[in-house]
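Please read the structure below before turning to the comments.
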Amino acid sequence: MSLTLLQGALLVFVLCCAVGAALLKDTLAAVIAFAAYSLGISIIWLVLQAPDVGLTEAAVGAGIMTILFILALANTVTPETDRLFEPIRWRTVLFVGAFVVALGATVPSLPAIGDPTAPVAGGEITQYYLEHAYKETQVKNAVTAVLAAYRGFDTLGEAVVVFSAGVVALSVLRREVFA
Amino acid sequence: MIEHLPVLLVVVPIIGGAVPLVASLYTDRAGWPIAVLTMAGHATLVGLLAEQVWSDGVVSYAVGGFALPYGIELVVDGLSLSVVALISAISLGVLAYARHAGPHENTFYSQFLLLVTGLTGMTVTGDVFNLYVFLEITGLAAYGLVASGRAASAAVAALKYLIIGTVGASLYLLGVGYALAATGTLNMADMSAKLATVGYDSTLVLTAFGLMVGGLTVKVALFPLHTWQPDAYANSPDSVSAFISALVSTVSAYALARLLFSVFTVNFLTAVPAARWALIAVASVSIVAGSALAVAQSNVQRMLAYSSVSQFGLVIVGFTIATPIAVVGATVHLVGHAVMKGGLFAASGIIERETGADTVGGYAGMGSRTPIAAGAFTVLALGMVGVPPAIGFVGKWYILVGAVEAEIWPVVAVVLLSTLLTLAYFARLGERLYFAEPTIREEAAVADGGESVSTGMLAVVVIAAILAVALTAAVPAVEQLLNETLPLLIQ
Amino acid sequence: MTDVASLRPLLAVLVSALAIPVILSLKSRPNVREGVTLTVAGAKLAIVASMVPNVLSGTVYVTRIADFGSGLALVLRADALGILFGLLASLLWVVTSFYSIGYMRGLSEHAQTRYFASFAASVASAMGVAFGANLLTLFVFYELLTVSTYPLVTHDESDEARAAGRKYLTYTFGGGVAVLGGTLLVYFLTGTTAFTPGGIEALATADPTLAKAAFALLAAGFGVKAALMPAHSWLPDAMVAPTPVSGLLHAVAVVKSGVFGIARVVLDVFGTDLMAELGVALPLAAVAAFTLIAASVIALRQDNLKRRLAYSTISQLSYIVLGLALLKGNALVGGLLHIPAHAFMKLTLFFCAGAIHVETHTDDISDMAGIGRRMPLTMAAFAVAAAGMAGIPLVAGFVSKWYLVIGALEGGQAIFAAALLVSGVLNIAYFWPIVYQAYFETAEDHDEKPLVSAVFGGREAVVADGGAGSDGPRDTTASGEGAEVSAAGEADLTNDGDRHETSAESDEQDSVPRPEQVDHLGMRHEDVEHHSGPPEGGWENRGWLGQESTWFMLGPILTAATLSLALGIVPRLAVFLRIVETVVGGLPGVMG
Amino acid sequence: MSADEEPGLYVESTIIMTTVRVVAPFVLTFALFIMFHGADTPGGGFQGGVIAGSVVMMLAFAYGIDSTRQWLDVRVVAALASGGVLVFAGIGLGAIALGGNFLQYNEYLPYYAKASKYGIELVELGIGGIVAAVAIGLFFLLAAGFGHVVGEGER
Amino acid sequence: MTPVEWAIVGLALLGAFFGGVAAIGIVRMPDIYTRAHAASKSDTLGAVLTIGAAALALESGLSIIKAVFLVVFMFITNPTAAHAIARAADDQGIEPWTTEDDS
Amino acid sequence: MTVDVLQLDLLTSRYNYYAVVLLLGIGLYMLIESPNLVKKVIGMNIFQTGIFLFFITLAYRTGANPPVVTKGGGPYVSPLPHVLILTAIVVGVSLTAVALALIVRIYSEYGTLDEDTLEELYYD
Amino acid sequence: MVEFSTALLAIAAAFVLFGVVALYRVFVGPTIHDRVIAVNVAGTNTVIAIALVAAAFDESTFLDVALVYALLNFLLSIAFSKFNVEHGGVL
């Protein structure tokens, strides 16, 4: 029950941050709210027993992402305003609301959280990974095993994505070499 | 070695793409040779692969040698082979064009090869999440290429592209999530089997379909999610717009087809007519709206971009009809459109360089000033309209036959109508090119644009024009290739 | 009938297609270029002619180009009907090539290279239309023909020419789409589109409603190019093109391809029996008969010679369609024979009009009084062809019309026979005055000849294409579909400013801008002082021995006139009637 | 820009500099730990790479970006990024060369007992290199802003 | 629960108390410096107490080492961070309010 | 009454998914409505995080351990979605970095990050 | 044991809720520094919560995450502080 309490508190925290990021007029404030947001998200990953993702989110969300945002803001100046929050556009809210309701309608058909018989959590593929990962790869962390071995091709793609991001940023900012 | 072709096809451009960054420490003109070498290798591999697919039908490759639904599978069949060959050919063409037209930076060629990586990966993969990864590589490289234009507006266009493209990819990812929730697997073949047992009318499956297909339609740029496309095409350098217009949406459309046939299968489409009709409706609206918007454009490249919106509507319609002949038609049109649209962008680039004309009005009388480019442009435009025997006609014809066979009469009407609409915007250009007095004075043009044009660039455009007609001869071969593939896809 | 695999049909198409790049590359050397054109034209005629004897004895040459599977293929097939059109086109290309050289050089026209290249392309496509072995192949070349003639129509590069070109494209591509739709339906119904003498069998058992729809689409699609009313209005507008092009459009390739398409549909897709069964022949015949009369009446009111000829064409084409729609042996023979007959005669007439234009820059009939003295040979040929048009014996037109009338009477459809006769009278009415005033009047004492010169005709009637105003034959076309009206309206809008301008400037305006109004004036133009109509002091007298013009023009004129005479006097010797009889004889259950 | 024009306008806080000097080596070690220990505990190349990258950022914040930029060798960054990709692809291709499929670590077994594990570690290292290099590169790129002058002039 | 566990929970509760104080301080204090004060002092203390509790709860040696590192680290960095912020505020607070909010 | 219970049951057993949907909504709202480009990028990130939460929730299994296969058995959560999300996070960061680079460039070319102002400048 | 972890989780939840309280300051400011301080507190609370979660689940590896957080929280704070000092120029 207290697990649910913790999760509830986390979700409240995260949603508050998201709403704050959406509505704060000042861009830097929105970035700060977003930093707080990724703090909360990271604990959620841990609570859901995903330490790898949590670690990544910590390194990314609080670290590099926010710093990049700050740097981008340091290079730009947005005009000062007196308003704390942005006005809410109800037309868009209505549109987004429709999307949310439509997607929300599919939630009941999803497996309940933590259901051990769900196709993902208890499925055949998951079981295979958990049983064979160590035998086949000599790696205890099944996440690493799947990441680097079973789905190593994805990870190659992931590495290429990161590399591309660097190259693209070079090209976008019209530089020849890093640094 | 021969059995590793599918994976080598992806890895070779990765390696090629990684080199220019280091090379730029020493020289700033290393990109082109590296890219040419890499693409030559790529083309060779495609050739070898073609031979293998021709004899074996379907080539499957388990990356890492793991048992199959657990590892990542690469699959090359007739459909993907056609697209891979297209990627290879067009890349070589664009390289020939870019040698002179630029951009010349190393980063450009790095991104170029990364884009090839992404596109090839999307084409050969047999795993829905792997598809997402390569979709994003493609996206990233494409955003960068669009932004490599010198104009300030290039960055705006690229950011717009990035945001809309990311939403599309994210929707796709969410769709993958729903499919995963329903089946617990990511391998396309495996997922397809499990989806059938889950039941096609399950909410999860339907949502997965909607989100995945919806996400990909953003990438394909169907109306009304096309808004990124005109800006992106019109603001990027000529080489880039030729490249992107020819391949990015094309491969996304291929991915959509792959999803329809290999994951959801035709059975799903017949079991859930609403899904099919929705897709057909979206595509049909896209056909008409794209043409109508194209007619309204004054900038030639924007017009071409809107034309793509319409043409991809046609392709998607063909795939959604899902009879063998319609699928052949859609494939032919997919490939043909890529050649023609790439050629059109390249030709419009040359025309702009030589005369400074970039609007429909400015094209007046330019036929005599740039005879070769304008001639090629006209041939390609006619092909696009669907004048036989150009490839554009064959594709349309097959799709039409498919629509007639499936007795989807509204589609027949829309496709026929679209021919006339296409004519409406291309005839305008053709007429101006050849039968009107120039509005741009020659001296002004030279002073304004005045960038030189190389033989390579002209050759690319001319070859595209020739291919637009000559590919028709290859249609029976494609058909035969697909006939081996399609029975597997369309039961 | 025996099928023989042979490359000859393909060769006939390719020979001129391959000439296109050669012609284009010889831009700077006009003499060689024209040499190539002539050589290729000769070669093509030779190839086609070489097939004739065997075709007459029942052999069919077939070239398979590509197979698309599922019963779709690109196949060329030189059967009798195809040979009829193919022989006609290749024969007349030779003639027209000579004439083109004379005409284009005579006027020092611009863009001659493009002109000759497009011409070669048009003929290649026409040949493809002739030899197309199924609806798909036919359609492919049909569309190519549209594309390749477009530069010819817009040759002048004036606003008016562009408007005409646009209209031409809109109409014919619209028709093309209809053909495509019809082809699809046929394919859907039968699983094949191959032409079979007597009709595709499976079509007879297909759903009649769909079959009717298919026929309607095909007939409408081909009807656009055949200039059946109400889709005819592109044709008079296309008169802005140079005269050899008009000849080509009207006599040889374009309109004939439409008619030929209808012939294919009637004879080889649906078959006469099925046509009768479906009851689609009568509406077609009715449309044809209506066009026949209406176009003749409109022709009466035209003062511009080429426009009058254009409406004459519209009328004459309907003879052919009518003959086909009557479904009886003799009517079919008449209709088909009228294809070459009309071609020869109309070509003569156009060539004459062109020669008059080149030599005297006269376009209006009212200016032609006494011109017989200036151009005696030309006008003689004109008289012969005009007589043929009216159906006077010894000229080609008589033979075909004879068969037509007989066929109509055989079928007990006297009303159509009557229509034919009425139209013949009208033909005389609009051709005779031209001939008469040319020889028997002088510029001084001639009176206005258009028989009906009231407000709805005559010089003001340049908008006779169904555009704005109540003076055109709008009332006859008002039943046309919306697309046609709007397309015409659009063309008119673009024309409008131009037209008012000219009419404000001068009273001898005409709908067709004379080449000298365009900015590429040649040498010859300088020393001809008058722009139109007889010079001061009347036409000078030139002899009968060819002083009136160059032999490049006279030769073709006389050849064409001779051909029409030959077809009238010895129809069987002139091979075409034999071909036609072979065609009709090959149809099951028609002859006799 | 301002750092170039007016150096010394803002004196770095001694406290921050000292703290960073104390913390940085520890963090770098920790980053390497995460990178190498990814096989058996959560973590891996990506996370380790980001943290290693953030060490440089930390230094840059404490000691000034431009001085850090000069201190860091451009070639190392570029070589790390490209090299990482090449190492990853190389390991995959090596397996092919030994007769297996791409990235089939088992193929290295005859040469080393725990081939799979160390193959994976090597891959993680490659990723770490890429990520660290790109993170550092992005940091400096964004800090430097848009390079107006490079290229052949505006259109 | 065993007595040790009770002790741990108690320790953690004590930490939570300081955490709560810090949170209230952040919200209720009047200006930036006082808020920084609340954050750096109270929160760090709460952190040390709670992490200590967590370290005790985790029995393995490695965890203890990690926890110790964590505590030390927090002890160094938290005040430094507060110092940096306060210093930045001071920089701007002393000088006229020019660039205060222009982002 | 039963309906009410059912709803409550849905909420307690699927609260994460509802949070996902809300996060997606907030992200989408920011993408559409935020006038500032930087905030659009933040919205993009929130949107993606929503999807990540979806996947990680799918992997969760009540009472299970993280998928490090050392402890004495016990159920583990599924490693597969974790892997996917690791990749997706990396992709997200890369996209954000590129987007920010573009924003920096746009700012130095146009001097504004306001979408409406930019639109005007862009179409000039 | 169950109760023990429950208690720890409850305390973690309390820390998260303190974070929510601190968010108030993040939203209303009034200055950027207030926000940074508040987010710093929220970050510290996060670290604490992670440590408690680690204890509750008996997962020592979670402490790694806490460690990373502590480090980055620090980095973030000095980054923000520098941002404000040199804002307008390049950091």
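Every chain is named by a letter (A, B, C, D, E, F and G) in the order it is written, and numbering of its residues begins at 1.
To be clear about the criterion, a residue touches a chain if its C-beta (ideal position, glycine included) is under 8 Å from a C-beta of that chain, and two chains touch if they have at least 3 such contacts.
All of these numbers come straight from a predicted model, not from anything done at the bench.
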Intersection of contact partners for subunit B and subunit G: A, D, F
Reaching subunit F from subunit C through chains that touch each other, fewest steps: 2
Subunit E reached from subunit D - shortest hop count over touching chains: 1
By count of C-beta pairs in contact, the leading pair of chains: A-F
Taking each chain's C-alpha mean as its centre, the one farthest from subunit A: C
Centroid distance [mean C-alpha coordinates] between subunit C and subunit B, Å: 43
Whole-Å separation of chain centres (CA-atom averages), subunit E against subunit G: 9
Intercentroid distance (Cα basis), subunit G paired with subunit D, Å: 25
Centroid distance [mean C-alpha coordinates] between subunit D and subunit B, Å: 35
Sequence positions of subunit B contacting 2 or more other chains: 7, 11, 14, 17-18, 21, 24-25, 63-64, 105, 129, 133, 136, 140, 143-144, 147, 155, 158, 180-181
For subunit F, residues that touch 2 or more chains besides their own: 24, 28, 41, 58, 65-66, 68, 70, 80-81, 84, 86-87, 90-91, 94-95, 97-98, 100-105, 107-109
Contacts with 2+ other chains: residues of subunit E: 69, 73, 77, 80, 84, 87, 91, 101-103
Touching residues (chain side subunit G, partner subunit A) in the complex: 6-7, 9-10, 12-13, 16-17, 19-20, 23, 26-29, 32, 35-36, 39, 42-43, 46, 49-50, 53-54, 57, 59, 61-62, 64-65, 68-69, 72-73, 75-76, 79-80, 83, 86-91
Residue numbers on subunit E that touch subunit D, as the complex places them: 69, 73, 76-77, 80, 83-84, 87, 91
In the complex, subunit F residues that touch subunit A: 10, 12-19, 21-30, 32-36, 38-39, 41-43, 45-46, 49, 52-53, 56-70, 75-87, 89-98, 100-105, 107-108, 113-114
Footprint of subunit G on subunit D - complex, ascending: 1-3, 10, 16, 19-20, 23, 27, 30, 34, 41-43, 47, 51, 54, 57-58, 60-62, 65, 143-145
Residues on subunit A engaged by subunit G in the complex (per definition of touch): 1-3, 5-6, 8-10, 12-13, 16-17, 20, 24, 26, 28-29, 32-33, 35-36, 39-40, 42-43, 46-47, 49, 51, 54-55, 58-59, 62-63, 66-67, 70-71, 73-75, 77, 84
